[in-house]
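Both of the next two complexes hold chain A, though its partner changes from chain B to chain C.
So, the complex of A and B:
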């Protein structure tokens, strides 16, 4: 075979990854658009080890080569994630596109990533040297770059099993299908004993990476809903100041306006 | 390294080119399956749709290496089936074809839909075909044709 490797097992894939300069290929929907006929691909999309969805006490593990269509059919995948991936492309794209590819392509427009950022997801990365588990937020360095070593593969995405019942998701695109996100927004909210314990908001497609501001979220943590309502104008003002957005297919001003509208709408949904 | 081969419309074929080549180009240029059209080259129009192991894919976004040993079906293979005949009749009766460029991809998207959901309602049909652009018909004739094929081809799917 010229310009490619089809490993029979994950072990073989890791050996090739360690010894050759290869690009991991799972679904191909992003890679093939880049048209690199000389690329050496490592075809990992059909490795059974990367195609499983499993659960442990704390996390749902979504294999890197699980497709969006497969996740939509699985009752264990949280509704928030389904809301996001159901809006990706169209059936043929969701049949091919994978969770690992969406992360590995390192685009801020990747529709599954804002959900992962808002949900405090982790990534399990593997190599012949062993494995490491990293926070999704710390994985990205900037547009198109991330923390994956040249000998590593993304093995799974770990989504928390609890705390994702109160969520909000919205994607703004040019049309209902086959639309690249102009803005995507995911938020997760949680309370314990009338006190806010989580108010995570992640903004996709508006900067080099997905944005989340934990210090701003801290304004609401520990507050009651009534207190949070009083804080709301200051909270939205703080986001207004912090959201420094890039120009893209749409203007930075439009992006900011929509981001703030979505943030406010999400708070309203959570009763704030 | 193992040779690159897959099963195209029921027959095993060998591919001597690069594993990084687009399946779309291999199908058209190497195997002359010219029903597979290149509309956009970015996975946004569905004109190059094929079935890989029964699942709908845009062949412009698939490298040949990714279909090693897989079953690839294009319209050239699908047209030999009774299911195709049902769709073909319905599309002709309801004038669901004008220029025809999108039609092979639409038919395979319809097959993928009906094999999963043999009696789809209109919303399901529109969702199933949402990745296939047609610039001629305005879609209504196509949606009606898929619905009629599902009714008149009842039992085929």
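So, the complex of A and C:
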């Protein structure tokens, strides 16, 4: 038996969330596998309020219950996000799996999260108390834990509308489909007036949380391509020192060398 | 195409695709008790005491003391116990079974059981194993002399890992005491008579005391050859004690951790070469048998007989040992010992050719066996060996030589390619004189008054299509429509012992018996009468008698042949290996239903690629199987081999039905060598020696600058 609530509206969902110990459920591709007979679920996957993709001046808002398949079909969703999402599971899983679920599951292996981290995405969290918008990076505390209050729900993911045209994405799985990431890597690069304004690199599935090192990125910010080229060996060395990775289905050493290879290759594609 | 080869709708198709088929776990649970096994947590230990919680009414604890007969499951050496003896010999060995009407309660009681152990020193790794269950040696010619006269001697070691069957339906058996005192055991299995024979011994009864039926079975691949005898005895002993039906269905983790797997192997090949030809092979094969001997004797024999591959090697000395370790027992798996040695010999030939500076395929072709040549055991290849034609066909299909040359040039980009080809055979049926001396297959056909004909044979449908292909053979010979032929899931109370559903023997051996029986029935056909005919196995006259003591004579009546290629692309940034193309030419004689045979060829090929690449499972230092789940143990998906092209080359066999030979196992055997040869080329001509070969393995070769 599955015990749970099927709220008719977001308001009702928030009321249940505030009053009961429930696990938010949107898609359930992980929760089904980790089925807990003693748990109560809050089925929010069909709430219309959470299934929208909208835009404002600065952000694309992807509702927490938007599925990966829906996002892949939407012209507003950036190509970088599509590159990552298209490699998740297999069609049936992408039909069910949602953006909110991928974030809320708090796994460093979640394939949409490195993109969100590299893109400086934000999360809008809501509760009966109101709402707050947090940086995706600060949302995670460590393996399996995050900053979602017991009465809160993830409402939407906010992706910047601009600055995501130059991107790089790679996933290393044990096979070509239905594979949990062993390494994932997303990077975003931008320039204004011949100066590098963004060189974000996010490493997924290699540690307790998705990794990003803003202080190392700063080595390239404000520089010209030629200067960045000169800086490249020191930049790669710095990552080599900072990437302290965990062993999993593959060794920590393998993860590290592949991460550095991908980082270097991404610079190459950006002309550095 | 022969009429018999034209594809029909499978007999099991409708029920399976519509969900009407009842698998063991689908039968109504009313009145049934659920059994769960208490399993050892240490690889080797004396069991001092089991603390069982107070059991509610209707719940039972069953162990070795409840066995009325003897605590040995009938296989080869009969060393596998039903429930453990004084010691447990591997993690997961069954100590006892808890049974009761509510499955969750049984689970709770099971986790409340505590076992006191006296820990004993286990042997975990193959290279530290010192006790062998079996140790055979056979030889031909004068190996010492050949080595003494050699221009060069090569000495290499090859390793293969476990492989998990990954059938869709896990191990599942039910035992039901019947009103007349018989024990009825049914479940997911390949060999009804193996289970029946095991039950007789454990229950201490005659053949009249027990009968065994196959339920609809969701895949097997060899994994349900011996193990259902173990589980069948466990549920039967429990059902006898409880006086009620008892069912046990494994969950996936339990199945992967505790049921048999393919034997990991380590093969050392010493090979002498004189004037550019291989003159001798001295081969030392070690298989990791696990804690009990199960079927290791026969798995090892087939591996040893296949050790020189498809080649004519004048002098051979082959030693094979099945080593005992305190790990899960290994058993039968599609290919049955041959994939391990074929992998080794194909890689060895490849490495020697590279060292000699000659093309590997040309080198292999110069050593090919031909019709009339002697086999590794001094038998004869009595029938044509179509490998030269099959090589030509496969080369043409995948543009082999051009690609091999192109990929030989230095590659500098991110993605690097390679192509490999392997050659192999699979001997049809039981090894040696097994068919004649041990199995002695019997089949019957029973004609009803209305003219329908029922096949009475013990072969089980395990997805290979035998319900359909047997029916086609009988229908063809009697000139009847397929619907008039009935072939139900076998029950030992109703069908004679036509032998186990193993060794790619069903069509070639049992199918031919059915054809002959059908001829007999046709000749005696009388409308409106009930008629029954019987046919018994007899070895073909041409066979040279085989003695296992000396590994001498015809190990197999005939051989099926395969040529397989794989083309791969390695990503130098990540080590990931993508199979771009996989081609095969397979000679299984006349296909009895083309679709079914092609399904076997493609499925086996892909299963072999998985074995060579992503399918990795291991026991850790404590002897525990790691990665016993489908998120850790990755079998290839269709996305992993986008292009898989199989062809049939028909060299018909006069003693098989309409010319059919063995089919089921052949396509797996050569896949690992084809794959790894391709990877060797993509990595710049390194010498590799183990499977599974993963992205991380490829990456470490790249990091070392291309040294295997």
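Worth a mention:
As a working rule, the second predicted complex is superposed on the first by the 270 of 272 C-alpha atoms of A that agree within 3 Å, B and C clash if a C-alpha of one lies under 4 Å from a C-alpha of the other, contacts with A are read in each partner's own complex, and residues count from 1 in each chain.
What we mean here is this: contacts are C-beta pairs under 8 Å (C-beta built on N, C-alpha and C of every residue); 3 or more make two chains touch, one makes a residue touch a chain.
Remember, predicted model here, so these are calculated numbers, not experimental data.
In the superposed model, A:177 lies in contact with both chain B and chain C. After overlaying the two complexes on the shared chain, residue contacts for A:262 are found with chain C alone; chain B is out of touch. When both complexes are overlaid on chain A, the residue A:41 reaches chain B alone and has no touch with chain C. Look at A:249: by the touch rule set out above, it reaches chain C but stays clear of chain B. When the shared chain is aligned, chain B and chain C each come close enough to touch A:90. Touch criterion met: A:29 reaches chain B, while chain C stays clear of it. In the superposed model, A:6 lies in contact with chain B only, and not with chain C. Touched residues of chain A were counted for both chain B and chain C, and B has more of them. Comparing the two complexes, residues 90, 176-178 of chain A contact chain B in one case and chain C in the other. In the complex of the two chains, the chain B residues touching chain A come out as 1-4, 16-22, 41-44, 46, 49, 55-58, 60-63, 65-66, 68, 109, 112-113, 127-128, 130-133. Across the complex, chain B is touched by residues 1-6, 25, 27-29, 31-33, 35-41, 43, 45-46, 69, 89-93, 95-96, 176-178 of chain A.
Within the complex, the chain C residues that touch chain A are 414, 573-576, 578, 614, 627, 631-632, 634, 636-640, 694-696, 699-700, 703. Considering their complex, residues 90, 170, 172, 174-180, 183, 249-251, 254, 257-258, 261-262, 265 of chain A touch chain C.
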